[in-house]
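Should a chain be cited, it is by its letter among A, B, C, D and E, assigned in written order, with residues numbered from 1 in that chain.
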Amino acid sequence: MTVRTDALPTQEMTINMGPQHPSTHGVLRVILTTDGEVVTRAVPDVGYLHRGLEKIGERVTYAQFMPFTDRLDYLAAMNCNCAWAWAVEKLAKIEVPERAEYLRVIVCELNRISSHLIAFGSYTADMGAFTPFLYAIRERERVNDLFEMLCGNRLTYNYARVGGVSGDAPPGFLEKTKEFLDYFEPKLDEYNNLISYNKIFVHRLANVAVIPAEEAVAYGLTGPNLRGSGVPFDLRKDEPYSVYPKFDFKVCVGTGERGTPGDCFDRYMVRINEMRESVRIVRQAVARIPDGPVMAKVPRLFKPPAGEAYFRSECPRGETGIYLISDGSVNPFRLKIRTGSFVAMNIFEKVTRGLMIADIVAVIGSLDIILPEIDR
Amino acid sequence: MGLKEYMNDIVEAVTTTAKGMRITARYGVDPKEEVTLQYPEERWEIPAGYRGFLNNDVKTCTACTMCVKVCPVDCISLESVRGADKKMVLASYDINIGRCMYCGLCVEVCPPKSLKHTSGYEMASVARGELILHFIAEDAAEIKARVARQVAEAAVKAEAAKAADLSSDLSSEAARAAKEEAAKGEPKK
Amino acid sequence: MEAQAIFDTLKGKFGDAVVELQGEGFSPAFVVVAPAAVKEVSRFLKEDPGLSFDVLMCLSGVDYKEKFAVAYHLHSLKRRHAIGMKAFLPRETPSLPTVDDVWPGANFHEREAFDLFGIVFEGSKDLRRILLPEDWEGHPLRKDYKYPDFYHGIKV
Amino acid sequence: MSHDPAHGTPPGKGGAGASAPFVASAALGPEAHVMVGNADLFVNWARKSSLWYLLFATACCGIELMQAGASRYDLDRFGAVFRATPRQSDLLLVAGTITHKMADRVKRLYEQMPEPKYVIAMGSCANTGGPFYKDSYCVVKGVDLLIPVDVYIPGCPPRPEALIDGIMKLQKIIMQRKNYGAKA
Amino acid sequence: MEALARSLMNAVPLLAGVPLWAVTLLLIVAAAVVILVFALTFEGVGSLVLRKVAGDIQARIGPNRVGPNGILQFLADGVKLVLKEDIIPANADRLLFKLAPYFVFVGSFAAFVVVPFGVGLIAADLNIGIYYVMAVTSLVVVGVLLAGWASNNKWALLGGMRAAAQIVSYEIPVGMALIPAVLVAGSLSLQDIVRSQGGLLGIFGWNLFHNPFSFFSFFLYFTAAQAETNQTPFDLPEAESELVSGYNVEYSGIRFGLFFLAEFGDMFIVAALATACFLGGWNVPFFHAATLPWIWGNLLSLGVFLAKAFTMVLIMMWVRWTLPRLRVDQLMRMAWKYLVPLTFINLLGVSLWLLVFKGKGIPAMIASLFG
């Protein structure tokens, strides 16, 4: 707390970047103590969207908890659905048919694209350029149309089931997906020309809030935040689950292109490149999807064997780990969901020391946090 | 900050800005790029499986309360009373769409497939009460009363029928007894 | 390295502080540790070159009806292996030493376990409620938690 | 304006239509029957056609609100621009779950808005607590326990079209409002 | 104005008895009303055009349901803002809070006086034209600072501080970038500057093509002016996403409306100065507007001037919807390390050019080659 006591004694100002602020990506409150524009301490205060999801998990059955996983991370609802399904299948050792796994990979990667689109769009909107945000939402609308055709809802899909998926792909779905991929791939280069390499944008992001590799590992960062610091750890490659080993894709790592590795620009560019990789995965999956059933034989009142399992899958915002304890009854006994945003918020206070107020907004955007994942 | 970097900064700033503005200009000039759907006039055609407001076809519904049990939010409230012919008669069937989360679990679990998603989504209302859809027009109490009367009538008819059977049994009893006497009487000769 | 091998090295080093290995039915096996020895065991798990568990994936409080437990899920980026560590706590005064100096990432997880279970982590940098409002009574994720009727005059 | 949610308006015609279960068509607000003079018409027209909504997105409905404001559904056609401060906005669109920790913030936001202000409860969470009605200990069961609500939009999350339908219904209500002349 | 008043009095016998000063006062008030009406309608229509241009660029339609094709949108906004509740925060500095919007609006509206709309269409052809504009537009800084301080809100305070730092430090490049036009025309009055770009050289008479330095100073002026009017690459004072809309956080109703109008007023002033000083003002290319009879000459020149000014405004809007926002320290670095040195070098270049070529630009020299 450096208080300059030379001629004019100045005092620090505490500002409430309160629960309602245009660029906190939801109801996050950051208590800033600033010395003019320079922030000396930024303490995040979370919990404004805590809805007690884990308590609900203990009171509903395994199948009934699936719609609640949509509300866990509503920008990547498919990934959370499938994470819950995979976790229960790992606990109860259920064999899922091949076509269901392919469908799950297709929808998870499509949802990763639409989640990164919102991350990219809202990040540029926080930096002041509002137009790329609307282009990103326009692309996201086309992904919504695909999901609406597949499972009947635009945002809270409730598509996966324990043992498979709720419904097979309607006719024309795979063609429409291919059509979307061909339409979407050139758009990424257009975004890069429009905003990613724009001088002002680069100056706002490069060398801001640098997270070195070992600090990212120590704080348990995962996903694009970890890969942005140069650690090539991707669960789909290093702890492969479902049918991911069948596809070849590159793990995008931050290389310090426009500044030092691990700065905001790297995390941003990792997400842009990851969208390209997801397009490649979905192309391969659509080309090689086998026929067959989409649902394994699972009794309606499903009672898994007693035991404990920890399953983690690669969600757009980092690793979503589900620690599931079952005592053999219809309801889960204990359910702990560990998410990427929760851990990203943990490092927020250390990273934002000495930055300016405009950079606080940049750091929130680069960590790509989302509040229901933090508060659950 | 060497002079070369200084000039490079300026040149890079101008070129990247120009590249960005060329793209926004292309969108600005080209009317084909516009994707707006003027909602009240043009509407997005809803795909087949869309999970809109729920609708229960009351005739085929067998009041088996499977949907009430499976709903994670308890937004379906159902009252039924046992009819004369032992089948359940629906007294009232309400779905509170203000609380429903449109997850579709009830539609999957409904045995007679009477509960289905419609493609409706426009039900903005002024009072919170209007968010409760009532699928049975009549008031629940009237239906209960009517069914109770039917059950009572059926019971009375059953009583009468039983009484009639009883008496017929008696008479047939008596007739058989008489026949037996006759039969017993005859073989002694 | 296999869970059994990890358990043996720990058993060798810490003796009776390491109670047992929950292997069967637990998909990452759990090493059960006495609460007092949590800090030393975790420091050893992190620093030992053979194990080098440098990532604390998840720290969760569990209410086993008659006793509490804190479950740590550890993963090593270098060795690419994972292990679970569990410490059982009495139900009345659930408290154990903190690990946020070993893994800085543990602070938010510990605050959440304190907030939702009431497990006190001694020596923690900043142990406050994280998810619930400051003036909330009770710890919701306990099995015997009764929902409050009103909060600030609003019906719960 | 908050009242017991259980009581419903008496049902209209019997028989379940194929798509529209019969609910009495929503009455157009408490002052539907009032005769509105010309001055009111002009003032109400002005208020109706520049509804600046507060950028207040707490949960999933916030994403649908953003998509309603974006290119395909374009709320800007109705003159509805998003404003960052409650001082300049006249429509509080509660989009998402309101938890108890957030409750007094919502009240403060509502009180900071200058007077002719309207509230739309968007989505099940804002209407009645939605998916978290039964088992959640920290969700406010409906935002009308905190602030008076003008229009409820069902849906979880409601489509952007449902949001625009709700806003158009609010515009009809605004057109009915009587500002000048003797109070009826 | 006196000459006009005297000619009016001779023409109209009825006015003979009225003292001269009364007639001139009446004329001045009439001119002021005309300009105020023009300014307010431009600012209203400007806000609608801004949202239409934004819609176009962002692949959507702007406001089109209020009135035929959205024309009455600004009227609806204006009436609604006037009828809003008048909120003054509890322990805000009430007097300064009320005063701030008027400073900002007066600051931006007073500059309309010297805008050369047409051959004779100018409110007051001050001989210190540009100097007067620079002086008056700096009143906006005072207004914004007052708004930031008086509304007793930390965000507003930060917004006000940023505005003060930004506008003050961008006054210098704006001023320096306009001086080349003054040097070429040899007078501060805007009418003279515009007349100096006339002649039958057509487009090449413009200051823009006079010499490479003045060509370069047009772009410097445009960037610095974009900062002067708080447009997006430099809209830090009311940064929507950082400071919850900066200095006008606590303003609602018509007070916010005044800030809103003043912003568009500034945009027009900046565009008008750019047209007058670099793009030949009301000069019709290859045609001498003054030769036409009185009415047509003015109308034609007014039309040409407005066309050029509106294209400049559209270009500012186009830049506004493309670029992200600078950070405060980058803003200062750009002003003091890039714009100020460049404008000084530019100024040196222009003056050396005029010294060496005795005041003739490249087009003039080429024209003289061909006789």
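Following the convention adopted for this analysis, a contact is a pair of C-beta atoms (placed from the backbone, for glycine too) under 8 Å apart; a residue touches a chain by one contact, two chains touch by 3 or more.
For clarity, every value in this text was computed on a predicted model and none was experimentally measured.
Enquirer: Touching both chain B and chain E, which chains are there?
Expert: Correct list: A, D.
Enquirer: Tell me, which chains sit next to both chain A and chain E?
Expert: Chains touching both chain A and chain E: B, D.
Enquirer: To get from chain D to chain E along touching chains, fewest steps?
Expert: 1
Enquirer: Name the chain whose C-alpha centroid is most distant from the C-alpha centroid of chain A.
Expert: Centre of mass proxy via C-alpha means gives E as farthest from chain A.
Enquirer: Measuring between Cα centroids, what's the chain most distant from chain C?
Expert: Farthest chain from chain C, going by C-alpha centroids: E.
Enquirer: What chain pair shows the greatest number of contacts?
Expert: So the pair of chains linked by the most contacts is B-D.
Enquirer: Could you give the separation in Å between the centres of chain B and chain D, each centre being the mean of its C-alpha atoms?
Expert: The mean C-alpha positions of chain B and chain D differ by 26 Å.
Enquirer: Averaging only over C-alpha atoms, locate the centres of chain C and chain D and give their separation in whole Å.
Expert: 45
Enquirer: From the mean C-alpha coordinate of chain A to that of chain B, what's the distance rounded to whole Å?
Expert: So the centroids are 34 Å from each other.
Enquirer: Just give me the whole-number Å value for how far the CA centre of chain A lies from that of chain D.
Expert: It comes to 30 Å between the two C-alpha centres.
Enquirer: Please output the residue numbers of chain B that touch at least 2 other chains, ranges allowed.
Expert: Residues 9, 17, 20, 23-24, 27, 34-36, 38, 72, 101-102 of chain B touch two or more partner chains.
Enquirer: Quick one: which residues in chain D touch 2 or more of the other chains?
Expert: In chain D, residues 70-72, 74, 77, 84, 101, 131, 134, 137-138, 156, 159 touch at least two other chains, as defined above.
Enquirer: Quick one: which residues in chain A touch 2 or more of the other chains?
Expert: Residues 22, 47, 50, 52, 55, 60, 67-68, 70, 131, 134-135, 138, 141, 156, 194-195, 198, 200 of chain A touch two or more partner chains.
Enquirer: With touch defined as at the top, which chains are paired up in contact here?
Expert: Between chains, contact exists in these pairs: A-B, A-C, A-D, A-E, B-D, B-E, C-D, D-E.
Enquirer: Applying the document's contact rule, which stretches of chain E touch chain D when the two form their complex?
Expert: 51, 54-55, 58-67, 70, 72-73, 75-80, 83-87, 240-241, 244-245, 248-253, 256
Enquirer: Please name which positions on chain A make contact with chain B in the complex.
Expert: It comes out as residues 60, 63-68, 70, 131, 138, 141, 148-153, 156, 158, 166-167, 170, 190, 193-195, 197-200, 300.
Enquirer: Residues of chain B touching chain E in their complex?
Expert: For chain B paired with chain E, touching residues are 1, 6, 9-10, 17, 20-21, 23-25, 27-28, 33-36, 38.
Enquirer: Within their complex, state which residues of chain D touch chain B.
Expert: Of all residues in chain D, those touching chain B are 2-3, 5-9, 11, 13-16, 18-24, 26-29, 71-74, 77, 124, 127-131, 133-134, 142, 144, 149-156, 158-162, 164-166, 168-169, 173.
Enquirer: What residues of chain C sit close enough to touch chain D in their complex?
Expert: 132-133, 136, 140, 145, 147-148, 151-152, 154-156
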